[in-house]
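A quick write-up on the structure given underneath.
Lettered A, B, C and D in written order, each chain numbered from 1.
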Amino acid sequence: MFILINLKAYPRDPVAIAEAAADVDAETDATIAVAPQTADLAAVAETGVETWAQHVSPVGHGSHTGSSLAERAAEAGAAGTLLNHSERRLKLADIDGSLAAAERAGLDTVVCANNPDQVAAAAALGPDAVAVEPPELIGTGTPVSQADPDVVEDAVAAARAVDDAVDVYCGAGISTGEDVAAARDLGSTGVLLASGVAKADDPAAALRDLVTDV
Amino acid sequence: MFILINLKAYPRDPVAIAEAAADVDAETDATIAVAPQTADLAAVAETGVETWAQHVSPVGHGSHTGSSLAERAAEAGAAGTLLNHSERRLKLADIDGSLAAAERAGLDTVVCANNPDQVAAAAALGPDAVAVEPPELIGTGTPVSQADPDVVEDAVAAARAVDDAVDVYCGAGISTGEDVAAARDLGSTGVLLASGVAKADDPAAALRDLVTDV
Amino acid sequence: MFILINLKAYPRDPVAIAEAAADVDAETDATIAVAPQTADLAAVAETGVETWAQHVSPVGHGSHTGSSLAERAAEAGAAGTLLNHSERRLKLADIDGSLAAAERAGLDTVVCANNPDQVAAAAALGPDAVAVEPPELIGTGTPVSQADPDVVEDAVAAARAVDDAVDVYCGAGISTGEDVAAARDLGSTGVLLASGVAKADDPAAALRDLVTDV
Amino acid sequence: MFILINLKAYPRDPVAIAEAAADVDAETDATIAVAPQTADLAAVAETGVETWAQHVSPVGHGSHTGSSLAERAAEAGAAGTLLNHSERRLKLADIDGSLAAAERAGLDTVVCANNPDQVAAAAALGPDAVAVEPPELIGTGTPVSQADPDVVEDAVAAARAVDDAVDVYCGAGISTGEDVAAARDLGSTGVLLASGVAKADDPAAALRDLVTDV
């Protein structure tokens, strides 16, 4: 099971959460990764935790101002990148361009999507994984695996029909080990979380709970 | 064969081109459709030609300013709409939203895409057709069927692998009957044109040439 | 006083509201204008009411797909256009481009803005008017002139400091003649409304109430 | 004179250029600053050179994915940020939001603009400086001070008319000390450069040439 903690733009110290994640990762068969802001990629990677970017630009080196290069994320120690998160929706052509940039830089990729149709569309672009996050559940604390299990199963089926090498992750509302197990039972091989860990009083305890049944 | 003439924002009288298209449509087995600006949908539809919108917004009735509703395009007489044209690229989630809006309004849909991967992604969203338009050929007068026939065959294969009910059209650089025949021989069932007809001295003659071998 | 009714994408028949507006306009010293969707500009203009576009693109004739040309709005009978409405925010460079397009086409212009600083910025681009619409009041039914009269006075002062030929209108929450009078007393020479008229059971009655004290 | 070197997404080592800039800064009365990608802010700031971000997001801490926070840029050692560069155009409301974010974080700000009208608009939002960069000159090697000196003088006049506390910088095509002197003589107090230094064989030599007459 792959567990990706999106630190968003929370004020919390990213290194402290990364260290907690590295500790729990060492105790479990699950892989725990942390996605900080671009400016924090290097510091997070230095903790030894698997580090992900939250976004990379659909361009390579050149005359681009205010971009976040995949190459630069990789040099800072990132192993992968999120793309098309609901808080950073991209044009179809730019998802394709960012995936190409990530591949050139050796980054793994997870493309977020709203529903099974968009999961299938994202899978057709050849990412390593897609994450289904019904927008109405984001930040609610109600896991998609419980609120709408069909959407996860449909997303898994939709992605497989397009490309069975693409993993399906489950986002939106995951916060407990029970949610992670439910996501796995519905066919997903990973989960995306944010506030459940990144805003927890004790991130290590929150992570240990998540991997209880993995 | 489906032949869609995109009138873009050219200064030419859209009704004159629509009348020429209606005339030639009556002489051939091909279907000729015309896509004017939103403000011209009703006038073009009154000529009897099949009328398409160039874009519809990913929303329904409500508090939206400066939008182009699918419902309103349908009421004006449109039979379909282009989406995600290279001059009007959309977010993945908005292509999905605009397709849903078009379906509610009873409009047919063609989603444009750059390359076979994006064609597959667009096909996964369930439009009636996708159009492959390599951006480097748009407006060059060199047909994609000649400059890069593999991209058309790959696009047809990519769309079929996702959903064989989705037609594949061929855009970019089409201007002669020979180009249309080549597009058909590569597996596409329609073509998108703009300047080849919409800027022609004699649009009816240009259209007759296009349908020579159909 | 200038009263602009934004019909947004409401399902209501735009011509019926336009006819009511034309009737009330004839009874008062205020000018009442109606801003329908692009597809309805011609039908609304035929009622004789002053007709405005909700948006025009920052381009002229050419290879643009899915655009709304200022020239085309003018030909359909529009006298002016809104720009940068809170539901259609534009890049600074595009507001400038759309203003240039509107000027070429002979359209009057109102640029919407959130607060006095943005009002001053918009005024610096040389529109005919700016409209201040605090986003937190849009659709609330609480007029800005009552909830936050300072913002209107500050907006008037900010616009005048930049260019005293630019009128300041008042948007957000206006629904009664009392609101219109309050807006005028704070220095604005026009108001923007939407649902207060466009969703009223009796639009003509709603309009007559608005112009009671004008 | 303020000289800001935008490193864009060039492949060149940002620290080497930053060190060169720090050296030349120590030899001259001009202030030389360097704007790397977000991921390089800390490393560049450690050289002691004045460090600028290329962009900051119009948000504060919170649920934002793929953003570049002003607070985080400041913590990494940035003293200021560019905004609305021609390669990263922003909505008017977002320039305002990013300026507010930069002010909260204690960053200086330069807002880029195309022409004198947009310079005035940007000045009305209260940045520390605006930079006028006619898009047709960017990357040409022809300085705006030579190709179109009126645009610089008009920009200075336009900014002063709105807020005489706002400095005007000159971008696009600057590459020699002569260009810098010409920009100063036209009333600007700073220049923006990119390739002239960041792609130079010897960045320190290029910088020394720039400050010859300062």
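The definition used in the following text is that a contact is a pair of C-beta atoms (placed from the backbone, for glycine too) under 8 Å apart; a residue touches a chain by one contact, two chains touch by 3 or more.
These are the chains along with the protein names UniProt gives them: A, B, C, D = Triosephosphate isomerase.
Because the structure is a prediction, the values reported are computed rather than measured.
> If you average the Cα atoms per chain, which one ends up farthest from chain A?
Checked the centroid distances; the maximum from chain A is C.
> Where the centres are mean C-alpha positions, what is the separation of chain B from chain D, in Å?
43
> Report, in whole Å, the distance between the mean C-alpha point of chain B and the mean C-alpha point of chain C.
Here chain B and chain C have centroids separated by 34 Å.
> Once you find the CA centre of chain C and the CA centre of chain D, what distance in Å lies between them?
Taking the average C-alpha coordinate of chain C and of chain D, the gap between them is 36 Å.
> Could you check chain B for residues that touch two or more other chains and list them?
none
> If each chain is a node and each touching pair an edge, is that a line, ring, star, complete or other?
Here the contact pattern is a ring, one closed loop where every chain has two partners.
> Quick one: which bits of chain D touch chain C in the complex? Just the residue numbers, please.
Residues of chain D touching chain C: 84, 89-96, 113-115, 117-118, 120-126, 158, 161-162.
> Which of the residues in chain D come into contact with chain A in the complex?
6, 8-11, 37-42, 54-55, 57, 59-69, 71-73, 75-76, 82, 85-88, 139, 194-195
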